[in-house]
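Chain naming follows the written order as A, B, C and D, and within any one chain the residues start at number 1.
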Amino acid sequence: MINITESILVITLLSVLLSLGSTRLMALVQIMALQGIMVSLTPLFLRSHGSLGSGAIIFFQIMILIKGLLIPGLLYMAVKRVAIKREIEPFIGYHASILAGLAILIFSIFITNNLRLSLPEGHDMVLITAITTMAAGFFLMMARSKAITQIIGYLMLENGIYLIGTALTKHSHTLYVVEFGVLLDLLVGVMIMGIILHNIHNAFDDVDTTSPRRLKD
Amino acid sequence: MDTFLLSLIVLLAGGLFALLAFRQFNLMKAGYIALSIAGSIIGLSAIRAPLQQGITSTFSTTWLHIFSLSFSLDSLSAFFLIPIFTICPLATLYSFHYMDNTNKKSRVAANFFFLTLLTISMALVATADNIISFILVWEVMSLSSFFLVMHEYHKKDTRKAGYIYFIFTHVGAMFIFAAFSLAYSYTESFDFVSFATMPDNIKIIVFFLALVGFGSKAGIFPLHIWLPHAHPAAPSNVSAVMSGVMIKMGIYGIIRLYARLEATDLVYGEVILTLGIVSGILGVVYALGKHDLKKLLAYHSVENIGIILIGTGIGMIGIATDNMVMASFGFAGGLLHVLNHSIFKSLLFLGAGAVLQKTKIRHIDKLGGLIKSMPTTGKTFLIGSVSISGLPPFNGFVSEFLIYYGAFHGLSLGGSSFIFTIFAILSLAIIGGLAAACFSKVIGVVFLGEPRTKKAMNAPDPEFTMTLPMIILATACIVIGIFPQFFIMTAFQGLQSISTLHAVTTNEIITVADNLAFAARLLLVAFFLSLLLRKIFYLKKTVTSGPTWGCGFTQPSVKMQYTGTSYAMSIIDFFRPFVDIRTTYSGINRIFPGRTTYKTQVDDIAEKALMERIVSPILYLLAKLRWIQHGHIQLYIGYIIATIIVLLLFI
Amino acid sequence: MESFITFAIAALTAPLFPGIILKVKAFLAGKKGPPLFIKYFTVLKLLRKGSVYSTSTSFIFKLGPVVSFATALICLLFFPFADRAPIFSFHGDIIVIFYIMGIGRFFTVIAALDTGSPFEGMGAAREVFFSTLAEVTIFTTLILFYRLTGSLSFSEYFIGDNQICLLNASGALLLFVIVALFMVLLTENSRVPVDDPATHLELTMIHEVMILDHSGPDLALIELASFYKLFFYSAFITQIIYPFTHTSSAINGLIFYGILFGIYVSIGITESIMARCKMNLIPQFILTSFALVFFAAILTMGVLQ
Amino acid sequence: MIEFIFILPIATGLMTLALPATLGRIVLLVTALLHLQLTIMSWMGRLVPTFSDYFSASPEGLLILMVTSFIFVCISLYSFSYMQETDIENKPLFICCMLLFLGTMSMVTLSDHPIVLWIAIEATTLVSAPLIFIHRSKAALEATWKYVLICSVGIALALLGYFFITLAMDLGNIDAPMTFTSLNTVATQLDPLWLKVGFIFVIIGFGTKMGLAPMHTWLPDAHSQAPSPASALLSGALLNCAFLGIYKTHVLMCIAGLGEFSGNLLIGFGLISMMVGAIFIIGQADYKRMLAYSSIKNMGIIAFGVGIGGFALYGAFLHIIHHSLLKSSLFLSAGNILLGFGTKQVQRIGGIIRHLPRTYIAFFAGFIGISGMPPFGMFISEMIIMVGAFQEHRYISVALFLLALTLVGAGVGRIFMSMSYGETSKKLLVKEKTIRLLPSYALLLASIALCIWMPDIVHTTILNSIKIIGGITHV
């Protein structure tokens, strides 16, 4: 039978590459939804031995809800309400971005192999995915001009960090309360960013972050 | 010590009184002056014991759980307290009529308060006995003097002066902090006493780090730049205190640190001596070149600091070579010159203030003939000038003679010390000559001849509260000149705190002092005799008066008089490489020439060098570096990533 | 007692010698020249006259002559003539003396400035400048003398044991000193080539122009002062040239005045064979004298160790 | 029930959203006072944490809590009148965010669990964002955007850092509750490599928030655009909270025997920040930005002092207190000046001493304070740090330290003098009011008071917060 974990992670990686290559915002948002779900599913299947308590079940449901529905929904609304021009307007071209993504992938594999960590089986795959996702998030934030793409980049970064967290640490000493808090912060953060996004749109009738550059020395 | 503290409290009360009661203007001034004079008198009575019996009294208290503020009053401190407690009250007395602008009451009150604060902090600097207390009061001193300089903040020059002064005190303080912290890191104790336990090479570093700080306060040559800005900017009573007393605190720091380090290395003396020679000569040369009365006096402070340093340097070399006659007379001369300079320099500044207040003219070439309209100011100023030129029978000569005496006894040394001593003597001679030249210029152009402008005509003598201090100071100049024994002995008393110095026998000192006194009195006698002679010659002689002989020119005008500019030019020209003369001459280019103007300006090379070599390059570099805050959020995130990568390489 | 006598002789004979200079000059110019006692006559004439004071002047103007006269007199009080001890003397008196000369100069200068005349100002400026330079030479001489004798007063120099003299050990160095001091003498007393007392163009004068406005007894005092000053310097050189160790003081005195005469003659000769140098060359002239003495002083490092 | 300290303001804050602004102002003031009272009670040890595996009353936390609370009282008094004189569209939101800000910051100071700490700090970012944006200008918008994005990214990295630290725990097979207190007990068994990596991410993450160069880029924009009370809070309180995160981790490192490593990092960041502050203060045209850069420089000093350790550590903590007092006072005075002249440009302002004499006193006194002169406390703290640095024989660092101080002094001096004494053509818009002056005076007086007489309890608290990593004060 195929290893579910592996396939989930592969899908995540795929979503990363797609997000780097996608030229339409809508598509990007949908990809993020997919990625969110995948990321929040991962720990379920990593717990090969772990028996999930009821609390865990609820927690993961909420998680999927937020990462997969709520946040993408917010972004969707943002894109609709703000009526942003559909193109993404990159600093670095799409093909170049994809190549960069591949480079990042190789880089993260390299790192993972060199860490010589005694991870449980399959975990190094998680690590690879995590690092790739993070790096790609940074890449999006730097290589795209629109504010909304930066939010998306930030989301990817968070996903990556979350993956690393799940991959590296036993959950014995981080209780769900804490993770829930993290999640909440993330949610609020995205909401606020959305609001600002809205205002930026009103102020500059574009969300290109290169246009407001009056604050400098 | 208690009386000392009491005096400070009384002084402080005066300052606070000024702040509180500034609405009743005259009452405030009177009360303030009364209190500060009372405080000073108490202070003077407090320093008699340490100065005469050499008793050292201390006071100490803990501060913020971890520090202790300790002050000790020994003979050296006591000696430096003399000018503080004599000049400051006179300056305050002077300010009664000098600060008579009734629609700036609060400002005057603030000025009084900070003057008091300055006095107190100076007194405490002179007695501070550990690192913390020294630095604390030192900073208070700088701060209060800064506010005094800013008194006339509405003028652009004043603001510039205040800024420059702030920078210099700031940097100087930094160096002193560094020096003392370094010392602490080796002695593990905040007390000055422990300085002697440092290794020698560290001693040298500490000394020279601190020297930068003290030098910037004292106005040693390359660090003197703030003086000619700050002294003209400040009101004259303040300039009198700052130039007369405050810059001496730098000297005090140098001597005290040297004494505490108990260093006997030749390099200290040689460096101090060299600095003294440079400051002395260049100071007086620049003074010759300046035409703003108070700027000129400011540069003379640099010159006199130079003389003091020469004395100190001679003393240090004497200690290093174990030539105690040289050492003790050098140090004594330096110390005595501290006192003398504080007397005649404040006298001159007060006189300049009177001239300024009555004529509103700074440029000396616009003045003239003032001695007829303001005789008291003129005569006191004349006495001050003769004293600062170091001519007998006035006090300036006494201290310079002691330095000469020490220096000549250093001539028996061999090698480098011999050369240094030669240069010390020669530079003293040059400084003396040039100072005489400069003050003959000031007296001649400002007070003698004919007034060159309308404003300079019939300016009256100032009110008695302004003339009285001048008269007192002028008298002091003469008294010290004619009865020097007591003061010389006091200076030697002050030396007892330098443990490495074994002073010469009292008889030798007394003989020298007596000889000086004898010469001065002889001169006076001869003077009065020849005055008598002249009287006799003029018995029943016809004395008529007419215009000055114009060498055949029949239409003399006040414009024809020799100006200070031309008077000094040939001398300055002699020092060409060290001074930078800018001449603007309209020239005569038509058959019937119109108004021609000729103007020379002497620029300070140190200031120019600082500006061109240090300040502007730094500003340029910083301007380039400001690129990093360019406003691109993408790159800002890039910074973060870059930082991560760099740091991960460290593992 | 004898000190007072020698002093009196000096004070009285001082005005004679400038007359000698005039005689010499006239002789070399092939003229008859004024009588030998001309200066006495001048002084007496001036003392008999009254004075005219400029309206611009103040009491300073009257102070000038007095102070310069007094200071000049004091210098003679401290000076040993021939083998006789001076009236007053103490360790370090030379410094005092040269500073006392300084105050005399100071008052002459401000008296000149008091008149407000452009020419007198010019003269004053030159006076202070050149005398400052000359002072350097003098103090270098004192340094040298201290190296030689370890003393700081005229009497110790000239009548103490190990006295300074051309004929003694290390007298070679003193040749420099004599030449230098002669140059200083010319400068300080405003003789050719530094200044020309006989010129009639005020623009080129130094000392004479400063006393343009003085008249009557004031001028007499100034004249006397300048005689004494000249006498002082010449005597200084004389003392260096010859050690007056003869048993009979009379003979010493004769020799002393003989040499003094010689010096004045040489001044006269210099004045008649040399032209007055350009104003801007004078600093050079003085610095030359400084260089000579400084060289000598540095040599002592080698000689005495 | 020590959690009240942050629950109270959060609750009242949410409440004020419903209230009218006039009432809200009073609530703000009352809450501030209550908060101060609670803080004092917690100092007396009356309050004990209920959720002890998340919260605890650590001495350093209490110290910063006290500073924050005191400053907040003054600032709330200030904003009491400030709010009327400025055009804040949504006053309830302003009040609410101020209170939430206070709440979250108190939570930071009390939290003992790394990730709770993280949550709290992230929360401060989110609740303070509206404060910066309150004036709704384009510039404010940009500032807010940069603030939120950069800080969120940075703090995300901090979270990563804590994950690494937990990893270090796993590799050392430790099964202890993940709180700083318990971590400190087992620190030596942690895996050093991952601890180092974790610290790097933590210092970068919280350093972004604390304003350490080169992650400081958001700070000048935010401080200059926020309304003055908010700027005062950001600079006087928020930066300390971020510092607390770094400090707790640094303590962990020291106990784990990696103090050398973390100390050097702190020193490096400190010096860089000081230099950056100096670079931008000289020739700065906007006085609020100038104050912001001065905060960067002072954070640098604190980091430097902590990195040096020993005696300098004590100085660093003093510096935290005095910097908060002086800088918030300065921001409040700057607010008065902004109200009075209506511009942030240094060139267009002059003669404060004539137009706003009482503000001048506070403003110039603040200047004297931040340029490290008596009678203000920074004089002591900077001196102690320097002495400490010399004690450790770090001569090059100390030379750079002095150089930066000098440059900053020069730059700051120019600006303050031209503003206070120079000429101006502008007319005065708003007169100065006592209620807007009292707070800045109070803050300055507090600094002076602490410089003359320091209460034993404060002294001992500082000692307790530093003695665990060998901070000494005996001299």
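Assume a residue touches a chain if its C-beta (ideal position, glycine included) is under 8 Å from a C-beta of that chain, and two chains touch if they have at least 3 such contacts.
Model, not experiment: these values are computed from the prediction.
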Interchain contact steps from chain C to chain D (minimum; 1 if touching): 2
Core chain by centroid distance, with centroids computed from Cα atoms only: B
Best-connected chain pair, where connection means C-beta pairs in contact: B-C
Chain centre separation in whole Å, for chain C relative to chain B (CA means): 36
For chain A paired with chain C, centre-to-centre distance based on mean C-alpha positions, whole Å: 101
Between chain D and chain B, distance of the C-alpha-averaged centres to the nearest whole Å: 44
Length of the line joining the C-alpha centres of chain A and chain B, rounded to whole Å: 71
Residue numbers of chain C (touch at least two other chains): none
Overlap residues in chain B, where contacts from two or more other chains coincide: 626, 629, 633, 637
Chain A: positions in contact with at least two other chains: 141, 150, 209, 213-215, 217
Contacting chain pairs - touch in the sense defined above: A-B, A-D, B-C, B-D
Footprint of chain D on chain A - complex, ascending: 141, 147, 150, 154, 157-158, 161, 164-165, 168-170, 172-174, 178, 181-182, 184-185, 188-189, 192-193, 196, 199-200, 203-204, 209, 212-215, 217
Residues of chain D that touch chain B when the two form their complex: 145-146, 149-150, 153-154, 157, 193, 196-197, 200-201, 204, 208, 214-215, 217-218, 220, 265, 276, 278-280, 282-283, 314, 353, 368, 371, 373-375, 379-380, 383, 386-387, 389-391, 393, 398, 402, 405-407, 409-410, 413-414, 417-418, 420-422, 451, 453-454, 456, 459, 473-475
Footprint of chain C on chain B - complex, ascending: 368-369, 371-372, 382, 386, 389-392, 397, 401, 404-405, 408, 411-412, 414, 418, 422, 425-426, 428-430, 432-434, 436-437, 440, 443-445, 448-450, 511-512, 515-516, 518-519, 522-523, 526-527, 529-531, 533-534, 537-538, 541-551, 558, 560-562, 566-568, 570-571, 574
Contacting residues of chain D [partner chain A, same complex]: 113, 115-116, 118-119, 122-123, 125-126, 129-130, 133, 136, 138-139, 141-146, 148-149, 152-153, 156, 159-160, 163-164, 166-167, 169-170, 175-178, 220-221, 224-225, 280, 284, 289
Contact footprint of chain A on chain B as seen in their complex: 626, 629-635, 637-638, 641
